[in-house]
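Chain nomenclature is as follows: A, B and C, assigned in order of appearance, with residue numbering initiated at 1 for each chain independently.
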Amino acid sequence: MKRAIVLVLALFIMLCTCSVAVCATAPLEAYTIVGDLEKVLCGEVTFVPFDMGSAFVSDWRTVRESEVIIDDAAMKKYSSVMLYSYSSIDYLLYVVVTDNNGNQRTVYFIRESNYAECAELVATGEIRHGCRIESIYTYDSYFYLDSEELSVWMNTGGPKKMSVSEMTAYDSTAVYAVDSGGGIMTLCGTLFMEPYPEDRFDMEIYLLLHSGLGDEFFDSYGDLDLSYDGEAVFYPLTDGDTLVAVGDFLTTEPDYYEIPGMEVFEGLSRVMRIMLNIVLPIGGMVVAVVIMAKTRARMPYGAVCTLAIVGCALVIIGYIATECLS
Amino acid sequence: MAVLECKNLYKSYKSGKYVLADMSFSVPSGKIVGLLGPNGCGKSTLIKTVAGLLVPTKGEVFVDGIPVGESTKSLVSYLPERTYFNSWMHVDELVSYFADFYADFDKERAYQLLFDLSIDTKARLSTLSKGTKEKVQLILVMSRRARLYLLDEPIAGVDPAAREYILGTIVSNYDPSSTIMITTHLISDVEQVLDEFMFLGYGGQIVMAGGTDDVRAETGKSLDALFREVYRC
Amino acid sequence: MLGKLLKYDMKAVFKYWWLAALTTVLLSVIAGVLLSYVIEEDAARGVLEEAIAIVGLVISFIGIFVLPLVTEVLIIVRLYKHFFTDEGYLTFTLPVKKHALLNSKLIMAMAFQLAAVVTVVMDVIIILFVGMLCDRIKGIDNFSSDYGEPLFGELSADAWGFGILYTAEAILIGLAYMFVLSMVIFLCLTIASVLTKKHKVLVAIGLFYGANAISSLFTQIAVYGTDLNGVFMIFDSVNNGVSELALKWSVAAQLLIPLGALAAVGAGMYALEYYLLDRKLDLQ
């Protein structure tokens, strides 16, 4: 009995230590705001203010509140200072401040070493490192093309001069330029695909880049005006491998696309995950300890129950580590 | 010390009916004991329980003071009423098998007995006749220097000449400090070798027990005649 | 004593297993020759010849991939005869611990299952090798470019850099799976022998199918109901901006889940099996 208790205690301590160690690798670091939002420091890293312009953060869902230290000047000026960082984008964060009049504003900060590249991206919208094609079904799913693949696309098949209004019959979706870290995206083009293709791996796909187009091509909201008659350069996609991949992406509906009650399913799914990966293994460990106690850990129950406890612990550790890391 | 002791032994199978009910007895060492009774009275069940093949429903069984388990299996040599060897094995492989697992196994004695019976040690068990198979089994069991020999119906289903041989082998090869328990319903063949007997009744009750010579002197009857009297239908 | 038990168990199964394994090796040589013949382009041959070659190829492949099934049958026969028939009188009167008897069967089962997998993999390599050899003799090189290089290219690529860790985890998961599979088979036979006197094998087969159905249902719920995002995100990491290193560790962590689950389930089954053998099995 004593052996069983000692073993379970040891395993729980090991479990807690592993979980803490794993979760601690995605640390809730303390950030220090210097002056009146002049810069933000985190250890050796300096974040400078960054104007996102019309760009946006690619993985905005992974935002989390982080600990922030402010100096007296900021403390006097603002009633609330909240700093948010992204679990998946470690060079970007934003601060939401509320002044003493209740006015709120958001200031983005970017790591100093990423500033130049991202500022150029926001200013020009030009593709330097790669681009993402948005799914025509959801706003959360993208197809990534690096600059080399894009270069092959643009240099094979030959560009075509066509009027934008000729493409009204085509389905269209947005193309975003991304920075090298993949965290910031800005609209840089429109992709047109033939509707109802006979062969989804060999269909007509055209890329139109917005840089170089005059304001007359865009409506008052900044979107491409598909009724505009002006001619622009379209790049047809003729490279076989890329055509197959892009065609497949654009024509594949995601499983969860517009299923009613999806939130309920996702909620149930989470509960199921916790049941299977935490509750059930804990139950297994309890049963193993009880059997060990009843049999006084004699062979083979002692060894077998130990194996069961270790197995259950692995399930719990694996699940917690997965949740923390992804 | 008694070589075998049963205390309040109960055994039932899935039907719930007790085959052995509240059996308590002890068997001294150095005796040949006959466990006698009609078919289905629990003789084999008792033997198997002592051999460790069955788990008692209630009660305790001790061999040489040790509860029946892994340790007692090295003290007990058991011969079941059926062929229980792997038929693809050769006779010499079986001898090696016994020598491997039983520290008290006398390999030379086994080979001598096999030689005496002109049994080819290279022969596969499946090629031997039923009677020869049973002789091989008996030789292997009796070649052990066990504390307790349990022989379940050793002479059933064999011809009279073979029965005589088997009984002769039993008597000539067992260690006088050991005990042999023989179950059988062929009492007339067996009674001349028995020192003691137990008559079992249905439900595993001991109907009568004692020394064979004593009961013959007292009643003036053979054990066989006494059996017929006790179990008269 | 465990060593001695294992020696006899391995011998009993190997007596027949080696023949089955050797047959698959011969079949793989035949398959290699036939495959080289079948994939040769522009070769002038009749419809009947081609049909015979294809049928021969199919039979060879079936013969090779049926080895794991044959192995399971041999393991089952050994366990059944040794525990649940008249041979059980000898087995359970040996002066060995009951868990040593069980461990011997388990180790034997896992060893032969592993041997079957290794043999099948070896057979596939022999097929490719013989095919390439036939190509060389014919002075063509269809085979290696169509099949050999892509396959070996895939095997030698280390796309993730976590290859060793994933391989180790995969091996452990494979061993755990064999452990659980063996225990399922043992349990079905033991429960059938405890429950019935007659038709033990039929009852065991029924129990096995039942266990399969339950485990399939459970796996469906576990996999589809819990939405294993991480495994699929690894192929789409840059698109969603998650750090690649974190995802690689995430996959390694996720592999702990089936490993732990299999170990725990296998251990539970072992405990139940031992309990049944020790307390509930009455050989009659």
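The rule is simple: a contact is a pair of C-beta atoms (placed from the backbone, for glycine too) under 8 Å apart; a residue touches a chain by one contact, two chains touch by 3 or more.
In this text the structure is predicted, and so the values were computed from the model without any measurement.
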With centres defined as the mean of Cα atoms, the chain at greatest distance from chain C is chain B
Looking at chain pairs A-C and B-C, which one is connected by more C-beta pairs in contact? A-C
Among all chains, which one's averaged Cα position is nearest the averaged Cα position of every protein chain shown? C
Which integer distance in Å separates the CA centroid of chain A from that of chain B? 77
Can you check how far apart chain A and chain C are, centre to centre, with Cα atoms defining each centre and the answer in Å? 39
Averaged over CA atoms, how far is the centre of chain B from the centre of chain C? Could you give it in whole Å? 45
Two or more other chains are touched by the chain A residues none
At which residue positions does chain C touch at least two other chains? 97
Chain C contacts chain B in the complex at 1, 4, 8, 12, 15, 81-82, 86-90, 92-98, 278-280, 282-284
Chain C to chain A touching residues, read off their complex: 97, 99, 102-103, 221-222, 225-227, 229-230, 233, 238-243, 246-247, 249-250, 253-257, 259-268, 270-271, 274
Please give the residue numbers of chain B that touch chain C in the complex, ascending. 13, 48, 51-55, 70-71, 73-74, 76, 78, 80, 82-86, 88, 97, 100-102
Quick check on the complex: what are the chain A residues that touch chain C? 22, 26, 58-59, 62, 88-90, 130, 132, 141-144, 181-183, 266, 268-269, 272-273, 276-277, 281, 284, 287-288, 291, 299-301, 304-305, 307-308, 310-319, 321-322, 325-326
